[in-house]
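What follows are several structures.
Look for chain A in each of the two complexes below; its partner is chain B in the first and chain C in the second.
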Partner chain A sequence: MINTDKNSITYTQFVLIITGIQISVAVLSLPRKLAEAAGSDGWLALPLGFILNLVCSYIIVAVMRSCSGRTLIDTVSAMMGKWIGKAFALALAFYFLNLMYDGLVRAILIVKIWLMPNTQAYVLMLLLLFPAYKIALGGPRIIGRYAELVTVISCWLPFVYLFTLKYAHWLNLLPFFKEGFLPVLYAVKSTIYPTLGLAAVFILYPYLKNKEKAAPALFISNMITTTVYLFITIICFIYYSPHESKFYNDPIISILKTIEFRFIERIEIPFISFYLFVFSLVWIPSMYIVSYCMSLVFELDSHRTPLRVLCIVLIVGTFFYMPTFNQSDKIQHFLTWFGFSMEYVLPSILLIAITIYNRYRPRNAL
Partner chain B sequence: MKQQSHPFASLIVIMGCLILSACGDQLSLENASTPLALGIDLDQDEKFHFYATAPVYSKNIKKKSQEITGEAESLRQSKALQDSQTAGSVQGRNYQVLLIGRHLLQYNDWFPMLDVIFRDARNTITDRIIVVDGSVKELLYLNPPDQPLLPIILRGMVDTKTTKSETYSTTAQELHRQFMDKGVTPYVAEVKVVNKQIQLKGSALLNERGKYMMSLNAQETILLNILQKQADPGFSLSYLIPDKPQTGPFATNMLSFTGGKVKTSIKTAYANQKFKFDIHIKTTVGLSEHIFPIDITKDSPKLQKQISSLMQEQIEGIIEKLKKHKIDPIGLGVYARAYQYEHFKQVEDEWGEAISRSEINVKVDLTIGAMGPVK
Partner chain C sequence: MNVEPQEHKSGDADPIRIELTDNIQHVHRLFCDTTDFIIRTFTIKQTGEAAALIYIDGLTDRPAINNDILYPLQIQSDAGKPGDELVMTVGHVDKQSDFHHIETAVLHGSSVLFIHGRTYAYVLGTGGWPQRAIEDPQMEASLKGAHQGFVETSGLNIAMIRRYIPNRELKMKRLVVGERGQTNVTILYLADVMNNELLLDMEKRIQQVDVDVILNTGELSELIEDNPFSLFPQFVLTERPDSAASQLLQGRCVVVVDRSPSVLVAPVSFFSYFQSIDDYSTRWSIATFLRLLRMFAFITAAFLPAFYIAVVSYHFEIIPMKLLLTLGESRGQVPFPPFVEAIIMEITLEMLREAGVRLPAPVGQTVGIVGGIVLGQAVVQAGLISNVMVIVVAFTAISSFILPNYDMVAAVRLIRFMLMILATLFGFVGIIVGLMTMIAHLLTLKSLGMPYGIPLAPVKFADWRDTIVRVPLWLMDKRPRSTSPKQETRQNTSMPKEEQP
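Let's turn to the complex of A and B:
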């Protein structure tokens, strides 16, 4: 698809889509994973993860800049041939398929365990995919607007967590680096999975109106993600005792159960329903990217058909097979490494390849 | 063609949503029985029993609550037994209080029995944990005609007394934290049935495995709250001033005051193989009652010193008892972990032992801020 003005996205939309893909279902278990790796020092790994992501963002932007307006897949095709380009598109599609499937499966499992244990998974999948299909069909601009809408209607969510500060035990955080620096470094691994999503820049960059601002935009979206994660992790660590943080699968939801209002007894119910909006920001852009990449592979003129096939396969597939929590954990574990290679290793290789290519083929300069 | 498909597609969507809405999880209110209190206790033969009381919504029934009880292996295992005693299906989504009998607390490691409360995501975990000095059965079947439903009165009792620091409104979640935190031992509210009346005793202190160790009365609980930095302004303490005359049957040497904001600072140190805690309590109080005549404007320094030392003595007495029972409801272990991590780590699994060996110094600095509207 060619970049048209009709489908371009603004700076804010770009920031919010990237942040949306990053802050996904992973946020629910992040405090536990950090605690498992480094105890109450786990939150110290978040700033380190932030720096790592920042470096990776700049590499991706540098790669995209050297493509000068074309999509990355076109560039790779021009550089290394059509089939390698297609293989690259396929890899990207497979990666985002994983990300999307993981997001959907986790969201459904969470809804099932907390809200509706007796409802079939494929029913929930069907209900989630109706709106997702409509939005993903609209392309980047509609997704961008949806991201803005979700941000506006869900920006009050973190403030409710402040109610738990009444029971805060700040001393739980002390002392810093209690077991030394190594566990903290080890915990950085746990921050990879929750910050995945930067690869979406490969696809979305050409749609960005003001391309010079891509780097600051990524800085801001990484900043937002890290701030949200820091906030939520620290809230969990000062509320739960150090050994307890590892006990809850999804501490972010469990902690909500302890908030009491006079007018509502189980506050986690509206919250989880609301979280679905936030989580939808991982699978909707991913759905678009998957179907877009597939349309490139099969040389279709729009992403409509792949998107329809994707939705139908998902629903029918869920009817026959739905991962359990343990299997979903395995997907997440796999995604950590797959994501690491797709978002950290691959861009670096690409950057080197493109730089070398540009230097030795000046006539065909991109 | 694209234009035509739109109304059709929307129709499918609307149909789908209508058919799928509410899904498989609906439960009519008529079919639900929602107990507001859950109790667990042991009988004479050391058998585990559950108790529950659910409100009855009907004009024609005089008694406003229905009690469910039975012998069980565990709480969820007894679900069928619970259901069999009510018209609807028993839902654990609305527990206000969770009663635990003292008999059950004679044993260690009963806490995992409450697992279902945390594992079934639909259960509330803000139910207040209350220890019953006596049998849970007696309390549950009390049903005094002049009082609201038992769960309501207990919850109200615990919640309001907690604002006065006279007890603890320990939720199931908070109890879980206290059990999981190695630097603190659990503390919960305690009630007793006295002459067919429910009475709040104060607080019950458990050891790290949940066995009942000792009880504190209301005033002692306030002092423990002060040590825990949880005391809100408004608590009330009373002392007999030793050098004042007492005449007749009246406690004319009594003095009461209302606490203001309390500043408790706890310093942690480690020396000679033991922990050392220096606790310094500073507060400004307002006198609310002194039955003996005294000129506050002149004698307040002396009186301040007297009250301070009385308070200090009582706190030291409590700490002595805590050390004897090897428990740490104050949460000194949390301080030890934060400031003496290396040493704490070695003893965290037998923290009770370490606290009984530790040295705890208390100093109270009390200022009389107001003497009330009369001289």
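Let's turn to the complex of A and C:
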């Protein structure tokens, strides 16, 4: 059992943590991936992805509700034995480790390409992990506050993209479904990776103050994510021609090149630096979740030691090996399938298992 | 020397004797080699008893001793018998029979009357130590606020606060801190507003302080703050009775330390350091503008030199061509890398500032002239420092002067240097990481157990009304949530009605 009194998070914080994990680095390449899959119809896949996520959110909330205040891992342990519970925690840790590593690697690669080509990757890793360690150490409450603060200080970012509307060609979007419905359905696959992060609910749910509000909170957080993605994707599609948007690795950044003021050129440079705040919303909660799960596996009192080990391993590891962009793409591709099974398939199986378990063992029901 | 070792422990009693001569001898032993200590022996006319009055010259009010104690006791002659109540025209009279208490009382400015045959002495409140007049507060000048600042006597300071809140809910707790100094520390609070837990926490923290003496409120604040390693001040120190009263009304507690002209306010948040008492007496729109200006000034004071260094050494491509040419022209002949250039100027600025603080006012102006004209102009003409750098440093200095709180300015200075180093090493990424670390620190920092970043982290929009902006007074109907007060409603004024023509 965990003590959630001193670490409880509010409704808004819950929403923003989840949204933060979802958006972060994924937003960069989303327009390209959608364009690759379905051309300029790609954005139509986003509402479909939203519905898919909504279903998945409700399944996760249903699973958590049947745990009645305990963490999922406690429940699984009670249901199927200690070792399966630990295996589950380990799987969750591994999943979030991937998510975190992917976020960090992407952020470092982008920083290296656009800002600091000569700086070693492990130095950047050290820099990024320093504040992250301090926040992740604070637990859900501090992470929640951080997510809130980052949202407040970065809410001006979308408005800058409105400057690109000067060069917009709205006709790029027409006609809808120009190649039929199938490519759009196929593009839904591309929306899986950018919306990963719902599994954090497994860990964060017990900390939420008003647990009845978890479902509406997830609705809102998915809503925010989808709105942001729609906004960004449409901006990119109406700015680039349908073929062009496939050629830019990170259209979100490249599009900023067109914005120019008399006093500042190359606005993308300060922008990418500032984006680090948004990117950090994926690895900070993930670092917490990974170290928390590891502390459960090794039955430790706090997540401090695993967190330290994690940071050191990451820095030392980056010293020896740093993925390239293509390898990072492979990680993302892997995450699409791993995430799908962790966030869509696994909760459904769990829900069924818990329902069956509760039905057949009503005496010590969970 | 035949001095008994002084016992400071209050545990073992040291009662006074019946014989007056014994007492006088004992007092002599206690206060040997103390030339300002005075013993006056006489016979009380009223009762015919032998008596001795002891006090420390300079700590006591001479006219009071002469006119209110010695005169009535020696001249008035209503017949009485030994043991009668004495005629004295002193307000505060206390009977004590223990030498420890008597010693402390004498050292704090009371005079003590011993009478032959009585087993207690009279401690008379005749304190009158050197004290300056009430003046305009030096550190926190204000345009429209009151022109009274705290002085070095806690009694007067409390009275000044009480003048603003004549309410019986204004309670206080008196604690004595310091083995040798015996400093009176008073916690003032509004009993029906202040959160009990916070108050108890404060009391506990002050009680745990075990030092020789507390000379200043700043020392106390360092001994009781939440995170002693933080760069940020965690309590507001103010010299203004009106701002202390305003803080009390917001549900905070005020700690008055005797012998110190500033009082300590807790719990506070990061944004308390951007408030000034003038904000409430100027029009709300102006006050809001000033608040935002101060935030902006904080950001520039901390980040501008770092930003400049990052741009010049890493990201010059963000500067438009024309501006870049001007910049290159000015920087072209400078022999130093940007960081060294910036450090030289910043250190010079800090030196000028410190020099100005310590020097007397007439000489202080000379420092300004030397710094401003000689250094600023000559250094550029000699080609040692670029024009732009001088502008950056000057702008930074002005920004840091805007902030109303000295402690926060001091914190900003150090943060600026750290960010400069980060910017030199890693450009914008360094600045952002520095900012992130600062945010991480502010998120975990607490002031008296309350989150320091409130109302921005955690976000409390209701509190934004009197922190980030300053809304009209009739909209501030609730006390700030950051103090979790017992009584939330502050006022029920409605918006003043505009008369229809």
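The rule we apply is simple: the second predicted complex is superposed on the first by the 365 of 366 C-alpha atoms of A that agree within 3 Å, B and C clash if a C-alpha of one lies under 4 Å from a C-alpha of the other, contacts with A are read in each partner's own complex, and residues count from 1 in each chain.
Just so we're on the same page, a contact is a pair of C-beta atoms (placed from the backbone, for glycine too) under 8 Å apart; a residue touches a chain by one contact, two chains touch by 3 or more.
Everything numeric in this text was worked out from a predicted model, so none of it was measured.
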{"item": "First (chain B), second (chain C), both or neither touched by A:I21", "value": "neither"}
{"item": "Partner chain in contact with A:Y167 - chain B first, chain C second, else both or neither", "value": "first"}
{"item": "Partner chain in contact with A:R145 - chain B first, chain C second, else both or neither", "value": "second"}
{"item": "First, second, both or neither for A:Q13, with chain B first and chain C second", "value": "second"}
{"item": "Contacts of A:I135 with chain B and chain C, given as first, second, both or neither", "value": "second"}
{"item": "Chain B versus chain C as contact partner of A:Y240, first or second or both or neither", "value": "first"}
{"item": "First, second, both or neither for A:V63, with chain B first and chain C second", "value": "neither"}
{"item": "Partner chain(s) touched by A:A38 [first = chain B, second = chain C, both, neither]", "value": "neither"}
{"item": "Which of chain B and chain C A:E265 touches, first, second, both or neither", "value": "both"}
{"item": "Chain B/chain C common contact set on chain A", "value": "115-116, 119, 123-124, 127, 130, 265-266"}
{"item": "Complex interface listing, chain C residues touching chain A", "value": "314-315, 317-321, 323, 426-433, 436-437, 439-441, 443-444, 451, 453, 456-459"}
{"item": "List of chain B residues in touch with chain A within their complex", "value": "13, 16-17, 20, 23-25, 93-94, 121-122, 124-126, 171, 173-174, 176-177, 180-184, 334-335, 337-339, 341"}
{"item": "Interface residues, chain A side, partner chain C - complex", "value": "10, 12-13, 111, 115-116, 119, 123-124, 127-128, 130-132, 134-135, 138, 142, 144-146, 148-149, 152, 262-267, 269-270, 272-274, 276-277, 280"}
{"item": "Sites on chain A touched by chain B in the complex", "value": "113-120, 123-124, 126-127, 130, 167, 169, 171-172, 174-175, 178, 240-244, 247, 257-258, 260, 265-266"}
